[in-house]
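Pasting in a structure now, in structure tokens, and then I'll have a few things to ask.
The chains carry the letters A, B, C, D and E, assigned in the order they are written, with residues numbered from 1 in each.
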Amino acid sequence: MGFLDINNVTKSYGAVEVLHKVDIQVQEGEFLVLVGPSGCGKSTLLNMIAGLEGITSGEIAIKDRVVNDVTPSKRNIAMVFQSYALYPNMTVGQNITFGLEMQGTPKPERDKAMADVAKLLQIEDLLKRKPGQLSGGQRQRVAMGRALVRDPDVFLFDEPLSNLDAKLRVDMRTEIKKLHQKLGTTIVYVTHDQIEAMTLSTRIAVMYDGYVQQLGTPKEIYDNPANLFVATFMGSPAMNVLDATLVEMNGALHAQFTGAEGADVALRIEDAPEAYRAYVDKKVMLGVRPEAITDPEGADRNARNIQMMTNTVSITEPAGADTFVSTTLSGKDCIARMRADADVHPNQPFEFAVNMDKAVLFDPTSQARIA
Amino acid sequence: MAATDPMLGGADFRTRLQNWLPKIVLAPSFAVMVIFVYGFIAFTVYLSFTGSRMLPSFDLVGFQNYERLFRIREWDTAVTNLAIFASLYIIICTIIGLMLAILLDQKIRGEGLLRPIFLYPMALSFIVTGTAWKWFLDPAIGIENTMHLWGWASFEFNWIKDREMAIYTIVIAAVWQSSGFVMAMFLAGLRGIDNEILKAAQMDGASTFQMYRRIILPQLRPAFLSAFVILSHLAIKSYDLVIALTGGGPGNATALPATFMYSYTFTRNQMGIGASSAVIMLMTIAAIMVPYLYAELREKK
Amino acid sequence: MAIASADSAIKTSKVARTFIYLVLLLFALFYLLPFGIMLVNSLKPLEEITGGNMIALPQQWTIEPWLSAWSTAQIGVEPTGLRPYFINSIAMAVPAVAISTIAGALNGYVLTKWHFRGATWIFGLLLFSCFIPFQIVLIPMARILGILNISGTTYGLILVHVVYGIGFSTLYFRNYYAAFPTELVRAAQIDGAGFFQIFWRIMLPSSGPIIAVCCIWQFTNIWNDFLFGASFASGGAAPMTVALNNLVNSSTGVREYNVHFAGAIMAAAPTLLVYIVAGRYFVRGLMAGSVKG
Amino acid sequence: QDVEVLHWWTSGGEAAALNVLREDLAGGGIGWTDMPVAGGGGSDAMTVLRARVTAGDPPTAVQMLGFSIQDWAAEGALADLNALAEEQNWNEVVPEALQRFSTYEGNWVAAPVNVHSTNWVWANTALMEELGIEQPGTWEDFVAAMQTAADAGYTALAHGGQAWQDATIFDSMVMGVGGPEFYQAAMVELDPDALGGSQMVEAFERMATLRGFVDDNFSGRDWNLASAMVINGEALFQIMGDWAKGEFVNAGLTAGEEFQCFRVPGTEGTVTFNSDQFAMFNVADEGDQASQVAMASAVMSPEFQIAFNVVKGSAPARTDIDASAFDACGQAAMADLAAAGEAGTLFGSMAHGHANPPSVQNAMYDVITAHFNGEYDAETAAAEMVTAVELAQ
Amino acid sequence: MGFLDINNVTKSYGAVEVLHKVDIQVQEGEFLVLVGPSGCGKSTLLNMIAGLEGITSGEIAIKDRVVNDVTPSKRNIAMVFQSYALYPNMTVGQNITFGLEMQGTPKPERDKAMADVAKLLQIEDLLKRKPGQLSGGQRQRVAMGRALVRDPDVFLFDEPLSNLDAKLRVDMRTEIKKLHQKLGTTIVYVTHDQIEAMTLSTRIAVMYDGYVQQLGTPKEIYDNPANLFVATFMGSPAMNVLDATLVEMNGALHAQFTGAEGADVALRIEDAPEAYRAYVDKKVMLGVRPEAITDPEGADRNARNIQMMTNTVSITEPAGADTFVSTTLSGKDCIARMRADADVHPNQPFEFAVNMDKAVLFDPTSQARIA
């Protein structure tokens, strides 16, 4: 039994089932991120935990108490919304203490709690202002303050950073992370940004179409995606997926596909799992992340199996810290991530180093990973 | 947009109460509406099949009232008048309202002053409007007389005294009263158009005229629709204005279904016929409103 | 909701601008004239009106008609002027506007934020009620007021206006609240606020513009109503419009047109004031989505 | 105890007259709740009345005209005043033709206040003298006189184009063409032969003649503005009920001197009238019933009848009243009334709802007005009259 | 003289000058990106080029023709807007050809042009639809089609990608880049996203507060920022800026500051420019980009001057391809970017490798780079 148990929960709107038997156990102090494309049911699941949506079947328990029929305010949870949902007519201070006021906490206690939270979030100066007079980052902090002041068992966040600009997003992300490390509360966090998911979480649930596709630590999800969806959804730029054939050459398995000029390229696979055998001479999908395709000098020094391949570069995109290089493999665009200084030019052949340790294979039909 | 679904079963009392509260709060309005609107409509429909004269009576006479209704000349006049009045009123209000809105949207200095001037007639009751216009249009003392006094002897404007033209004076007064409101609706619509689209059209080389015709007006569709609905229901319901302006005259040249209905129900003691004309009016309104409401509510869902 | 939206994108030449101003001013004249005539004639002695030119300015200015209309004109058997009826109207309009606005706000709140099955239908039915011709409800309404024992009183009139005002006020608030972030309601729910607390503490304080629009609209309609006032509250409880009608339409006897005009302007004064003072909100409120309807 | 009185007498003079009644009652400890509803010649008041009766809360007394009293009586809504009538001998002092409206099935239900006769011509004396016109005695003289005025550039006939004004003239034309029998047959008995007959055509033709003497600007004009035209010397004649006298008097003119009143030529000896009455409604409370009776009694008292009718320009409903308080026209009216009452030539005016029920009356209005405004010629109008009346019944 | 000349252009609204003597020459075929924070005047400048805003002083010339008083449609430019500004009442096809229609191009020609553009952008299937029926990416393409069909001298883009979600943004960015490479048109592109600026541009103008802060190639801007603003604005996570003192030790210059535990850290600077001399024993600001602080194994093999420093790690954020590590230096948070596999743990000391080749110094008062 976890701290927050989501047991076989299903949600239907009318005849449409939008969540299918979702089953997640969250431990105390965990930071669970729900990630997935728009419309996959993340918010719906979060709202069900909060009690804002009814549960069609299954049950949700917090600290072993089934809360299916408990009103939101009695579940001892706090929630931070995408638009922050600050009450526009109240000052920051009133916003923060509104929940306490509703629970009948006496004024002196409320003021004390507010002062503590304001100190923690460094928003003491803002308490008298209205939300309309705050910047995006400040609003974000106030919204967190409102959640924190209630000292809840579980924090729920619904895309709290998606309204911020890129720079602020990174800062606030770090702040949330620090807060979690400092307070050690249990958090369920919804986002569709996979970087957020990776950096914040202790565990990630990747959702798609109302199903949990994979539940695991960020590293598991990134390195051993359960299927093609998870593999391509997580990571930016996305994992390159090549249509390849698995062939046996010189006693070793190779993934073989066409290069830019139409010539075949074959990359050797070492320590192939037993499951690969079944696919010899069959079509597979080869997944290689951009950072696993580099210039030879940039290749990971700890990797055991670096394969070289020469191919024509189509575009280079210097992005400051890195340079992204596009090339065509198996008829598709394939992106490589290189050091900023890599000496690579469009429309010229270039020798790419592929770290095959990190390559994964998928079944073209079921799209599940072959392992 | 559901904030909660009813989650019944083991829920505690407060939760259950909270779940019922919205319906409880809506219930009085709903009840009031069912009784005072739909109950009364049903009552009127029933009356239209009775031989009620001065007070409601409950002897059914079948379709007799409807048959009579359509043999009464004044009803024909009233219906014809409504067709003329409603179409002119709606068209002219829309044109004037739109034109003023467009002109007012050209970053006009003094907009703050002009807007209330255009809008204020809406604040007046139809009775006051009718009285004011009655004076203004009266050839003996109003505009025509003034023109004569100013030396324009051949000036003639006696529509209000003319059987053929009197209905148009009602149009004038009604337009005077409502066109400012229509202007406000269009102005709101214009202000809601994305400025970037206008810039894009300008980049595309559209002249101001083309910009309005091809880009802006098509986007004002919702405003057109709302204006149409509000104006048409005002037209069908218009009663006070006619009474105050022409009293239905000269003769009964400016009778409208609403005045007809009032007169038959309350003055002529033929409540059955009055009720049947009311039913016809209601059906006309429903024919306009129901499709609109249907489309509107479906879309918003 | 910026005032200038079509700003830089539409440019007009000088000639065109002159023309625009000309047209606008002409229309301003068109809108002002009839009312102006009433005003001018309310300041003339009676002989100048019956004998002379309507549009001319008074040769002899007088505020006598105004005083007369306000305090001495014969309305019934007593020369009370319009004053007591003005007070009746206030006593009727203020509660009726307040109640129908609050009811509309609650309905709008329920219909948008607590959506349940059939809510759309209920809204549709409510909306259609805005469009019924009021003549048909006179007789049955009279019966019901009689049963409730509030026939002929201001309370009865308030009830009638509330009943037939709810449709429009609900429409206004529903359209406004539809654009109000639902997340705020959810946040308040989690904070432990109940149905009414959310309404009072969260929704209402943010409803300023639409409350203004709804009040303007309701006030105008209720204040200007004659049919219900005459039918359900004649006599001592009669509203301003009925008194004005008694003043203007006295059957036989001398017609004091200047007094009538003064009375008419007086009867229109509160609504005019409301429009002129709060008219800005009206356009703004229309912009907030209530155009639809 | 209070009486609640619904009426549409809101002009200064009328209200002053009602005040006589009010003070009278106040003397007896009875309060007065005023309920004026002006407009539409009482039709708005009737709407209000309907609402009140439907609500089960009728006023104590209601100003009423003609057939409405019968209709309400038929609904059983009216009180029984027989005891009082017996005591005060109303049957004797009220003309027969009036009783037709004040009683229902032999029971008194209303107290008549006044009798307006509607077949009056009002004339500007100065203008008559200027044009050398004598008081016309026949239709032909009347036409000739108007022709003279028209030739001299005056408006011959001041008239306001409102349905009831058109009908008021029409009453006199019908009476003038066909006399009392025809009026009875067409307007009261609604005999289709009379309605569509040649005399009716003739009456319509006379209407057309009159139309020729009316200025172009007549439509929608209020009657008192038409009176003003006569007062100001712009117009020669006006055909209007005796309430018009108030306008003349108010303008400082004296009856028989600056202005003249005479019967519409051709209708001498007959009087078409309308009569305002206070219909007494059934009230449950006994105290109310008592004050109701007190009010009826006060209404019928000679003091009130004089006070009111002097102001109103009409004749008292009682024929036994001393005429000395009245002016020339008033005295003439009272004399005519008494004579016509005796002779049986006193008829309810169709135009004012005293000849037939409102539905018929309004149907006739429609035809008369349509004809007067040139929509029908005389034959068509007569034929339309038949169908309109048939539909309205 | 360039292809598009912006000569000393100033813009005032009333008394407020929002652009101050902007001076930019754009060559034919160049891809100039205007980047800067919100409100800095980017859109205003773009609108002035387009002719949608008047020019207060200075002049703008296209192909050596001064266009100050030329109407927008006659300047032979095309513009793509942030909200795309598609005409909602017209089909995609009509949207694309509206401009041609306004110029009186006959229908057959218009249809041909439309077909070509639709083919190029692969929106042939969409031509009959209304904009309301399109996804964000499709709208974006249609907006580009509308611009392309006019075959303009200069393309203007005003934050065309900011309404798209992260994934689509990356894809569309690549598409724009390809289009530019294929067609070779001159482009002026506004964004406040520095990654977009870096990857797309041939040159970048960094704007702030109505001034052009720096104009240069992405590499110049990234490696040699003119001042502190440019340095911290470009790059994500932002460049770390430490309060340091320049000291001379053992004959070499060192930047010295406090570490996490309060002990001093000194990093040697090699090949110091002459200008540094003036700052010896004075306060300076030391700028080091996150990717220049790594684990020793991940350090750039081509760097000449890698300095080691041991400091306590405060937070680690694994982000899939990389791990971001926070540590406190000179009392501020400082972020390092490491390989995903780097063996680093919170609250433990770690040896960081700092690539001092990439470090820059700023004057604390003027905030200009010292060089």
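The working rule: a residue touches a chain if its C-beta (ideal position, glycine included) is under 8 Å from a C-beta of that chain, and two chains touch if they have at least 3 such contacts.
No experiment lies behind these values; they were computed from the predicted model shown.
Counting hops only between chains that touch, chain D reaches chain E in a minimum of 2.
Ranked by the number of C-beta pairs in contact, the top chain pair here is B-C. With chains reduced to the mean position of their C-alpha atoms, the one farthest from chain E is D.
Among the other chains, the CA centroid farthest from that of chain A is the one of D. Rounded to whole angstrom, the centroid-to-centroid distance between chain B and chain E, based on C-alpha atoms, equals 56 Å. Look at where the CA atoms of chain B average out and do the same for chain C: the two points lie 15 Å apart. Between the Cα centres of chain A and chain E there is a gap of 26 Å. Taken residue by residue, chain B touches two or more other chains at 2-4, 6, 18, 55-56, 138, 199, 201-202, 262, 266, whereas all remaining positions touch fewer.
The set of chain D residues touching two or more other chains comprises 40, 47, 50, 54.
Within chain A, the positions touching two or more other chains are listed as 51-52, 71. Contact residues of chain D toward chain B in the complex are 40, 43, 46-47, 50, 53-54, 71-72, 75, 161-163, 216-221, 357-359, 361-363, 366, 369-370, 372-375, 388, 391-392.
For chain C in complex with chain B, the touching residues are 1-12, 17, 20-21, 23-24, 27-28, 30-35, 37-38, 41, 49, 53-56, 103, 106-107, 110-116, 119-120, 122-141, 144, 163-164, 166-167, 170, 178, 182, 185-186, 189, 194-196, 220, 223-227, 241, 244-245, 248, 260, 264, 267-268, 271-272, 274-276, 279-280, 282-283, 286-287, 291-293. Remark: chain C residues 50-51, 74-79, 138-139, 141-143, 145-147, 151-152, 230-232, 234-236, 242, 245-255 touch chain D in the complex.
Listing the residues of chain D that touch chain C in their complex gives 4, 6, 8-15, 18-19, 22, 32-42, 44, 47-48, 50-52, 54-57, 222, 224-225, 228, 232, 243, 246-247, 250, 312-313. Interface residues of chain A, counted against chain E in their complex, comprise 38, 165-167, 170, 173-174, 177-178, 181, 192-195, 198-200, 218-219, 222, 234-238, 289-291, 297, 300-302, 315, 317-322, 324, 326, 333, 337, 339-341, 346.
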